[in-house]
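The structures considered in this document are given below.
You will see two complexes here that share subunit A, one where it goes with subunit B and one where it goes with subunit C.
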Partner chain A sequence: MRSKKTLLALGFFLILGVMSLVGSEVNASSPQLKITPELKEKFTLKPHHEKLSFKCVDCHEGQGDDPENFKAIDDKGCLSCHKTKQYLADRLKFMDNLHTNPHNSIHDGPKLYCDECHFEHKKSDNMCLSCHSNDVKLWMRPTP
Partner chain B sequence: MSQEKMSRRDALKLGFVGAGAAMLSASQAMAAAPTEKDVKFDEEYDVIVIGSGFAGLAAAAKAAERGYKVLILEKMGRVGGNSVINGGAFAVPMNKDQKAFGIEDSKALFIKDALKAGLGINHVEMLELIADRAQEVFDFTVKCGAKYQTGKKPTHFGGHSVARTIVTENMSGSAIIQPMAAFVEKLPGCKLVTRAKMDDFVMSNDGTTVIGVTARINYRFDNKLYSDDIENKSGEKKVYRAKKGVILASGGFAMDKEYRKIQDPRMAPDMDATNHDGATAGALLKAFQIGALPVHISWIQEGPWASPDERGFGVAPLLTQQGLFVKGVCVDIRNGKRFMNEMADRKTRADAQYVILREDPKAYPVAIGTYNTFDEQIYAAIEKGLQGGVMKKFDTLDALAANYKIPAAALKETIAKYNEDAKNGVEDQFKKQTLKDMKGKECIEMKGPFYAIRTVPKPHHTMGGVKINTKAQVISANTNKPIAGLFAAGEVTGGTHGASRLGSCAIADCLVCGFVAGENI
Partner chain C sequence: MIKKIFLIIKNNMLLTVLVGVLVGLLSSWILYEGLHRTSDDKFCVVCHEMKPMVAAYHNDVHGGAGKIGIKVTCVTCHLPHDNVFAYIATKARNGAVEGAIHFFGNVDAIDWQANRANRAHFVKDEACVGCHTNYKTNEAISEQGRKMHAHYDSLKDTAKEISCASCHVEVGHKGLRSMLNYYKPEYEYYKGKLDKKKEEAEKKLAEELKK
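Coming up: the complex of A and B.
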């Protein structure tokens, strides 16, 4: 998934103001799979990924070119950019004090599947809510 | 054609040979367990364990320590089922902290307490087993790395005549499950797979012996389905041989909307419960399908210490069981009076709450106490309860009474009488056992502030399950003898706790019987 990392790098450039890269070229490297407005609507991206102009095959690598047959990319897919679960847990280390770090909870440690809570093409969930309905809003923001 | 998309019709078209594996999915209506000749094994193990809670991990640890190649199948994405969200309260009769704090306990007393709560229908030989080996399994968890709040006066749980409960460091069963899972995964020959659902037992051709299971890997449990066991078609089929046998440790079914309603029609499908989403009856029913003897299935325990002001288990159960209930009171908001021994067994308390709630479903009884009523072990939960709003704090009893619309004068009278009885060493009207140590002291400190939680019973533990003997062998209803190759442990078994389990006895039960299964398979 090197291409995705390149895109991330590009993303930073975008933030730096190289705005001309956005837009029309999105489909260029995947001639088979045209990202139509309908497709975009059906498989919406999370804003942080959308901003980086991800194409379907950046994540659904080697899965052909029919989005209907794409499979979930699993932890390995997510972690190809997001490094490791321990890294993600450490980023929220400040929450460990109150035992509210969702990436290092007292129940599961840094071990849960990413898609226990995070979904790319639909609303994410928050697993903590099933027992901590009142507390989650005090502990963290809505799950990205 | 992917497996999940293959309909039964497609499978039939393919013919039985090609589609044999798919046809053995959980969706079969004409239930008969597959036999050896129906399947092709993908992998071979000595022992297969279904479930990764206390019972499953204990069984796997013992079996792997004996040199067996062990596969643990866990249908959920997370390890530990109910065990990993559990409150970390572990009854260990005759433990060291009891001795240090001068609390006298005995095996006989433990069994007497369990029988009283269980209405006498408990299988006593199982209680004996637990009492005999609780300390040993406790020590084993410590060896694995589990951390407890030892060196403190043990916690006194409802229905127990003495304090005998040790609490984990983080007030959760995860303090046991995490190190045990790590321990088990490090043992050579032991493998734990999550999102892997056992579908069927595979029987020997003569139908007498369990020789493996069919399962689906990459299974995604779906809590939006009414019955995940019946409707969920996700995952890819695998068939595993178990040369020594299968250990069923699939937990209870308090989240099974249909099955629990059939057992107790008062439990409506949308009723909140304390359990993890995966606590369903599917695996238990598969055991019945191959002849396992059912026992006490309709005894479903409700936790009388839960709150309507949060979902699931939450934090209220810690703050009431190890707090407000111990030295405080619980009152009927309509008249400000106590109506139960707040430290009785769970069934007695839930029944008393239901007398009120069936008359007025919104009249949730309120538990009331002051700071001194909280056990040291759960101090860390107090702030959480207040912040989340499930517990409220009031400077005066008048303010508290006004908030819950309790007649203030009656409430004050109730508390005055309660405090006076305890102080004078007079047994109160409900014979509350925890007031014995309060002679000469003030139970509810009248200077305040006062803490309060609204309570409601929630389905919590399923007492019933398959019948096992003291070797954790599952007994057949067809022969009254053990089913060859099938063992079980934990909440999926029945009989041990009778009509109602004493609080904090599940950990000991699950670990001990898991051990026994791993030792005997």
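Coming up: the complex of A and C.
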């Protein structure tokens, strides 16, 4: 009788164990996407990100495993690593003295969308240039 | 002569052991005090060209600006901790090199902004992990943060290894880029226009170092 109970308990825990394993596998499933040289060329990374050996899905989380179908991540995605817009503005505080801080401009404050200027897979585009075409190159370096 | 010394030692074993222990303890104490007293911002800044770095450090949680006021010293993060001999050797070498630069080098030619790119070399990961022991599991770290820490771990001991400071760019020195700009603007346009900020920073730094 006792051995039957033990067996039952053992079976119960075995099933529970297997279930938890299956569960964790589902949770951890990030598509195994192989980064080929062609893919790397098509979707180049900015050097500061390239250096960190990111995988596609580190940013394009939950977007499947076909890079062609990946969507641009929004501010929330960028800020999941880069903290907050205020934090980014504060990092360029020295520019505030001359009102040239692109992350805290007198027009928009720290409120612009990241992708008004920054693009990961193509050349970034400094929005300040659309009006201050001559000055921007004195105020800051090319937008990373 | 040597034979004579051996004979003395042999006849006075207890005394020899006692003297040996005393000499050992004394030299350990001198070494400890020596290392300890030459490890903080107040000492390092005497020779090391690092005023803006110290000023930014005082604004950081690692420099005592946190709620609790905990402060780690320069050597906590900037010297290797994997073995004590490497620690002492690096400390001695840095001391000699920094002293030489301070007294004989061309300090104005140092490009501090460019040096920031070498931060992974200047910040020792084992030091970070020495305090931040639960960086992989700490629930106070965002989910993305923990994911990235797992990524860091997966690259460890590979050719693509990254370091804590690869991502944590101003760690230990809050607002370092700005502070460096107050001392030496990185763009021509700002030259001479941030001097007031530098003065403010210098004043605060002098007060902090007096504490």
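Here is the rule we go by: the second predicted complex is superposed on the first by the 113 of 144 C-alpha atoms of A that agree within 3 Å, B and C clash if a C-alpha of one lies under 4 Å from a C-alpha of the other, contacts with A are read in each partner's own complex, and residues count from 1 in each chain.
Here, a contact is a pair of C-beta atoms (placed from the backbone, for glycine too) under 8 Å apart; a residue touches a chain by one contact, two chains touch by 3 or more.
Model, not experiment: these values are computed from the prediction.
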item: Fit or clash between subunit C and subunit B when superposed on subunit A; value: fit
item: Partner chain(s) touched by A:C81 [first = subunit B, second = subunit C, both, neither]; value: second
item: Touching partner for A:K93 - first (subunit B), second (subunit C), both, neither; value: second
item: Partner chain in contact with A:K40 - subunit B first, subunit C second, else both or neither; value: neither
item: Which of subunit B and subunit C A:H121 touches, first, second, both or neither; value: neither
item: Which superposed partner A:H107 touches (first subunit B, second subunit C, both, neither); value: first
item: Partner chain in contact with A:L129 - subunit B first, subunit C second, else both or neither; value: first
item: Subunit B versus subunit C as contact partner of A:L138, first or second or both or neither; value: both
item: Subunit B versus subunit C as contact partner of A:S53, first or second or both or neither; value: second
item: Superposed arrangement (fit on chain A Cα atoms) - minimum subunit B/subunit C Cα distance in Å; value: 8
item: Residues of subunit A contacting subunit B in one complex and subunit C in the other; value: 138
item: Subunit B to subunit A touching residues, read off their complex; value: 77-80, 84-85, 170, 172, 174-175, 178, 194-195, 276-277, 309-315, 384, 387-390
item: Interfacial residue positions of subunit A with respect to subunit C in the complex; value: 51-54, 58, 80-81, 90-95, 97-98, 100, 138-141
item: Residues of subunit C that touch subunit A when the two form their complex; value: 142, 144-145, 147-148, 151, 155, 160, 162, 166-167, 170, 175, 177-179, 181-182, 185, 187-190, 193-194, 197
item: Residue numbers on subunit A that touch subunit B, as the complex places them; value: 99, 106-109, 111-113, 116, 127, 129-135, 138
